[in-house]
Amino acid sequence: MENYFVLLIGAVLVNNFVLAKFLGVCPFLGVSKNVKTAMGMSGAVIFVMTIGSALAAVIHHYVLLPKEIGGVVVNPHVWVAIDLTYLRTISFILVIASNVQLLEVVLQRLSQPLYQGLGIFLPLITTNCAVLGAAVINAQKEHSIIESTWYGFASGLGFALALILFSSLRERLDIGHPPKSFQGVPIALITAGIAAMIFMGFSGLDIGLKTFFNHIKQGLL
Amino acid sequence: MADHLLFPGGVHPKDGKSISFSMPIQSAPLLEEYTIPLSQHIGTPAQPIVKRGQRVLKGQKIAEATDNISAHIHAPTSGEITSVSKHPITGEMLAMTNCIGPAGHMVSSLVITSDGEDKEGFTLMPIEEWQSIDKKILLERIKEAGIVGMGGAAFPTHVKLNPPQGKRPDTLIINGAECEPFLTADHRLMLEEPEKIIEGILMMKYILGAKTVYIGIERNKPDAIKTMKKHLREGIEVRELRVLYPQGSEKQLIYALTKRKVRMGTLPMEVNCIVQNIGTAFAVFEAIVMGKPLFERITTITGEPVVRPGNWRLRIGTSIGDALKMAGGVKDPEKVGKILIGGPMMGLAQFSLDTPIMKSGSGVTLLNKDEIVQYTSVPCIRCGRCVDVCPMNLMPSTMSIQAMKERFDLLEEWHVMDCLECGCCSYVCPSQRPLVQLFRLGKSHVLKKRQRELEKLKAKG
Amino acid sequence: MSKEDKNIPDHKEILLPDASKLIVSSSPHLHDSGQVAKIMREVALAMLPLVVAAIWVFGLPAVRVLLLCTAFCLSFELISLKLLGKSLKPATDFSAVITGMLLAMNLDANAPWWICLIGSFIAIVVAKQLFGGLGYNPFNPALVARVGLLIGFPDIMTVWSPTTAAQKVSTIDAQSLATPLEIASQSTAAGKELLWDNYFDLFTGNISGCLGETSALAILVGGGYLILRRIIWWQIPFFYILTVAIITGLVNNFVPMATPDALFHILTGGLMIGAFFMATDMQTTPVTRKGGAIFAIGCGVITSVIRIWGAYPEGVSFAILFMNAFTPLIDKMTRVKPFGFWQGESK
Amino acid sequence: MIEAVLFMASTGMILSTVIALANRFLAVETDPRIEAVEEMLPGANCGGCGYSGCPAFAKAIIEESVEPGLCPVSSGDEAQRIASYTGMEPVFSEPYVALVKCCGDNTRSPERALYNGVNDCNAAINVAGATKSCQHGCLGLGSCSRACPFNAIEIDEELRIAIVHPNLCVGCGKCIESCPRDMITMVPKSAPIHILCNSPEKAPIQRKLCTRGCIGCQRCARQAPESIKMVNFLATIDYDNPPHDLSLVDTCPVDRIHTSLGIDYIPAPKKKKGAIKSLECHKVLGVAPQASEAEINKAFADKIVHYDISLIIKMDEEEQKQAIMESEKISQAYKDCLAFDPSAHTVKEGQ
C-alpha cells in the first residue's frame, strides 16, 4: 500500500512533471492567465492523463510486450512471436489524441464558458508532452496497469498543483509593475524558475519515505 | 466600565478636543452678507421663492422643498436678496455662479445682504404642551422649520421620524459620541442646554412611539455625561461609550448599544432603531417649543493655527473667511496647510474662503503644514493593519489594489459599497496610500454602472 | 468688516491664510505617522541581539559577512533603481538593509565575498526589483538568495566554520564541523537513534552553523520586541513552531531513529529565525491573521516533512518559499466576513 | 510488419467509433455563420457598436440582422463583405473621431490649490471638485487615455491636458464615458474647425477662470451663422454642416478656434529661452527655418500620416506602436518649429 503513497509523493512533489521534469511547460505558461481557466485546464489534464496512462498501459502490457513462456519468446495474445514495442509511441499518441477528442466533445456540452476559456489549449493537450511523458515513463519503469494509472493520476495532480499555484501567482504579478521589458511572459518565466528551485527542496523525499517505511516494518517485525 | 460591546477595528486618532472644549458657546456677530446654498441636505435641492431685491425677515422661508425628501431653507437675518439668476446649463434659479459648496462643486445659492436690524419674522406658532398634540402636526412643524440631521449626513428629520407603515422602531438612539477629533460642538451643547436637549429627545420619542431611548456619550466627555444624567427623565438612559473612532457612526453605535447588527445594504430601520444627533434634538426643541426655524447651528472653529479657537453659534451661510475672522484669524498664514469643513477624519478640504457653512457644517478645522502627512504612491506592502482597523471588516488592502487596476467589478464584489469612508484604513497605512479616495472612486463607478443598468432596464421594460 | 463688531478682537491685524496655497486632499487628513521606513528600522533594531550573538559566537568573520551583504544589497538596490529610472527614495526605506542582514544570517561566517555578492544580486535584483520593487515581490528575497546559493554552490554553503569557543578548545582549523541538524540526518541514515544531551548550548547558540541559526535566545528577544511593537503578528511564529514541534514530536515518539525529539528541532537550524523574521515578512505573507495562521501551519508541515524525510537537513527556507507561492491562494480563501454580512448577500 | 498495420487499424477503428457515438449524443448545434462573421470583424471588442464585444455583435448581425455598418472600427469595404455574406445591403458610416473640447492647460487655467491624491480625473473630481480653476475644463489626469483601447489619446504631463491623435482614433467612443466632465465628443474626421471650450460661464467669470475660454462674443457665430450657434454663452459647431473656411480662425479674439487641418490640437508651445538650436525639426517638416506659422501648419498637415482606420486595426502591436511613434515625431517636430524663434538664431545660408 505504501508503495502507492511513495509513488504519489514522488510524482506530485519530488519530480513534479512541470517544475522538475519541465514537461508540459507551454500550456503551463499559456493557460495560467487566471485561476478559473487554470482549474479547468488542470481538470482536463488530470482526466486525460489518468485515462491515457491506463489505456497506454493496457496496450503496452497485453499487446506490445513479448512474454517469456517456456524459454520461447512468444506473444500469446498475438499468435505471432514478434516484439511490437517499437510501436509504443505511435500507439500512445493515438490513444491520447482520441481521448482528448472525446474530452472536447464532452466539455463543449457540459460547460461552454470553460470550453471558450480554454480555447486552443484544449486540443493542444494531445501534443502536451506531460501526457505522453507519463505514458512513456510508465512503460519504461514497467509499472503494472494499476500502478501506471495511479502514476498517471498522480502526475496529473502534480501538473494541476503547479498550474493552479502558478496562475494565482501570475494574477498577483499583473498587479505589480515589473520593468516594461519584463512585463508579461518574462516575469512569469522568472517566477516559474524560482518555483522550480523551491520544488527542488523536496528532492530525496521519496527515498526518505521508503527508508522510513522500512524502519517501521523492521520496528514492527 | 463601559457596559457595551465593541465593534471590530477602529483607531485612536489624536484627540485635539482640548483646544476648544473649554470655550463656551459664543453667538456670532451679525455679518454683512450670507451666501445660502440651496441644497444643504440629502435629497433634491430646494427651489427659491424670493426675487432679487426682495426684503426678507430673519427666519422667513426663502426656499421651498419640492418633494418629500427635501428641506425648506430660511433666511438667517433680515435684509435684502441681492442677486438671484438662472443657471446657464441647468436653468435653475441661481444667485451667484461662483459659490463653491463644501464638496467643491458649483452650488446654486441665494445671497442676503443684512440691513443690520436683524428683525425677526418667525411665522411658526410656539407650542407649549406638545404631549397632547397629534404626531402629524409635530411632524409638519419639523418639516416647516427645515430641520435636518446635524451629525453631518443632513438627512431631512421629518422623513426619518416618520417610519414607513410596516416598521415600528422600538429604540431611539441619541448620538452624543462625537468621535470625530477636534470637534466639540455637541459637547458644549450638552453642557449648556441639557434640559432643552432632553425635552427635544422626549418629543422625538413621542413622535416615534419608541419604547427605550439611549444617549451614547463617549467617556472622554465626563462632564457632559454628568450633566445629562442630572437632567434625565424616565424612559431615557445615558450609556457611557469607550473612546474609539468611529464610535459615532450609525451601524457601530447601534451594535455597541443594542447588540443588533444592521445587515449590509439595509437601513437601521431594519433593526427597529433610529439614530439622531444631539444637535438635531436641540433643533427639534427650538422648532416646536420656540417656533424657531433652523438658520443657526453650533460650529467649532478649531485647530493649531487658529488664534482663538472656540465654539460659535454661527448662522447658516457664514463664509469660512468670516468665521475665521470671528476666531481672530490665524497665527501664521504661511504655516496653514489645510482648511476643513467638519473634523479631520471625515472633513472636506477647502480651497476658497468664500465657501459657506451649511446646516451640516459641524466644524471648521485648520491644520498646520507639519501636522499633515501627504498621501504618497508607495506600493501597498500588505502589512494587514488596515484589515485589522476597518470597522466594517472589509479588506482595504486588496480593494485598493483592485481600485488602482480599475477592476470595479471586483470592487463591487468585495463590498466597497459598504465602506463608511471613516478613514481608519488611510490613518494607519504605513505606505500613506489614499485608500478612502480609491474607495470613493470605486463607489462612484459602481453607482454609475448601476445607473446605466437601471436605464437599460427602463428602456427595455 | 461688519458694522457692529462687538466680539471681534481689538484692532490687531487679523491674518487669513492664502487660499491658493492650501493643500486639498481626500479625507482623512490625520495619520498615525507610521511609515514603511519606520517599520523597517524597528525590524533592524530587533535584529541587533541576533547580530551581537553571531559576533559573540563566530567572532570577527561574522562582522565581515554582515557588512559585505548589507553593502552589496544596498548598492544593488541603488543601481537597479537608477537603471529602472525610478527615484532613489525607496532605497532609503531600509528594506534593502534588512534583506542584506537576513541574507548574512543565512551564510556561514567564513563565506567568501563573491558568495555575498551573488546572494545580494539574487535577493535584490532578481527576487525584488524585477518584480517591481517593494510590495510586489511574491517571494522573500533573502530566502530566494539562500535557496539559490544552496542549490548553486552546495559545497561552499555547507561548510561551517568553528565557533570561537571551539577554536579556543581545539586547534583544529577551519575544518568542516557538522551542524546539529546534519548530525541528526546522518544518524537517521545510519538508523541509529540520536540522543542529544546539552540543550543549553543549543539555546544559547554555542553550536556551529550559519550566523542566524545559532542563538535561539537572541531571536526570541528580537521577535518578542517585534510582537510587542505590533510590527509582526504573534500568530505566524506561534503556529509555525507549534506545528513543527507536534509533527516531529509525534514521529520521534513512534519511530525514534527517524528524527530527534521536538525540542531539538525547535532550537536547531533556521526555524527560530525563519519563524520570527522570514515568515513574518509582510509583502510575501497573507494579509489577514487567519491567513497568516494557515500560512504558518503550512510552513510547519513542510519544514518537518523535509527535515524528517527530505534529502536537505534544513527545510525552513524551502517551506517558507513554498508557502509564499501559496499566499495569493490563501488570500483568496481567507476573506474576512464583512460586519453585518448575511446570507442574502452573495459573498 | 503486417501485425503492426493490423493492430493500429483495429485500435483506430475502435476509438473512432467511440468518438462518433459521443459526437452524436452530445452534439451542440452552433450556427457556423456566426463564427464566419466573427472572423470578418476586427475583434477589438471595443463595444463601439453597442454590443458587449465582437462575438455578441456577430450574433446580433446573424440573428437580429443588425446592419454591420454599426461597427465604427471596421472600414467601409469590411462592412461590405459582411453585408454581402449575410445578404444585406451595407450602410456606409462616415468615420468619426474623438475630440477633447478643452485647450485650457496649466498655463491658461492654473491650479487653484495643491492637489494631493490619486492621479485620475474621476478620483480628483471627488476631492473638492478638482483644483483646476475652470470648473468645466479638462483635468488632464489621464482617465480617457487609459480607457482608450487604441491609445490614441496622449496626456501632456506638465501641461495637464488631453490630446486626441485623430489618425489613431477609430471612434469607438470608449473615452466618452470615462471623462467625468463629458469633455469628449465624437466629431466627423473631415471637419477642419473645432471650438475647444466646454464652459458656459459668462465673460467676466470666464476671464478669471481661463485665459483661452470662449467668452461668448458671438463673432464667429455671426460670420458663419449656419454652422456655429451660441448655446449658453458658448459657441458650438453644428457638425451636420461644419464650417470650412479657415478665415474663421482669425475672427476669434481669444484665438481659441483651432483649425484641425488634420492636426490634432497642439497645446501652446512654450517659448523656451534660446530654445531649439538644431534645425532638425525643420528638416523633418521640410520647411525653411523662418517659415511662418501658417506654412508650418500646412507642411505639418501634409506630413502627418493619414492611416485608413481599418488598416490600423489589422496592424499588430508593433506596427501600431510604430504609427504612434511616427505621428509623435511629427507632432514633436511641429511643436519645436512653433517654439523656434528665428531671431534668437543666426541662420546661415543654404541650411
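All chains are identified by letter, namely A, B, C and D, in their written order; residue positions are counted from 1 within each chain.
The rule we apply is simple: a contact is a pair of C-beta atoms (placed from the backbone, for glycine too) under 8 Å apart; a residue touches a chain by one contact, two chains touch by 3 or more.
Computed from a predicted model, the values in this text were never measured in an experiment.
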Revision key, fill the gap. Farthest CA centroid from chain C: chain D
Point to revise | More contacts between chains, B-D or A-C | key: A-C
Review point. Cα centroid separation between chain A and chain C, in whole Å?
Key: 35
**Study point:** chain B and chain D: spacing of chain centres that average the CA atoms, whole Å
**Key:** 44
Exercise for review: Report, in whole Å, the distance between the mean C-alpha point of chain A and the mean C-alpha point of chain D.
Suggested key: 49
Review point. What is the distance, in whole Å, between the centres of chain A and chain B, each centre taken as the mean of its C-alpha atoms?
Key: 63
Point to revise | Interface hub residues of chain C, defined as touching at least two other chains | key: 19-26, 132-133, 135-136
Review point. Which chain A residues reach two or more other chains?
Key: 175-177
Study note, to complete from the structure: Flagged in chain D as touching 2+ other chains are 112-113, 116-117, 123, 126-128, 131
Practice item. Going by the contact rule at the top, pick out the chain C residues touching chain B in the complex. Key: 1-9, 14-36, 38-39, 90, 132-136, 233, 282-283, 285-289, 292, 331, 335-342, 344-346
Exercise for review: Spell out the part of chain A that touches chain D in their complex, as residue ranges.
Suggested key: 59, 63, 78, 80, 82, 84, 87, 90-91, 94-95, 98, 101-102, 105-106, 108-109, 112
Check your understanding: Okay, in this complex, where on chain B does chain D touch?
Key -> 88-89, 97-98, 100, 103-106, 348-352, 374-375, 377, 406, 434, 437-438, 440-441, 444-445, 448
Study note, to complete from the structure: So, in the complex, the side of chain D touching chain A is made of residues 3-4, 7-8, 11-12, 15-16, 18-19, 22-23, 26, 28
Revision key, fill the gap. Listed in rising order, chain D residues that touch chain B in their complex are 112-113, 116-120, 122-123, 126-131, 135, 146, 177, 200-202, 205, 232-233
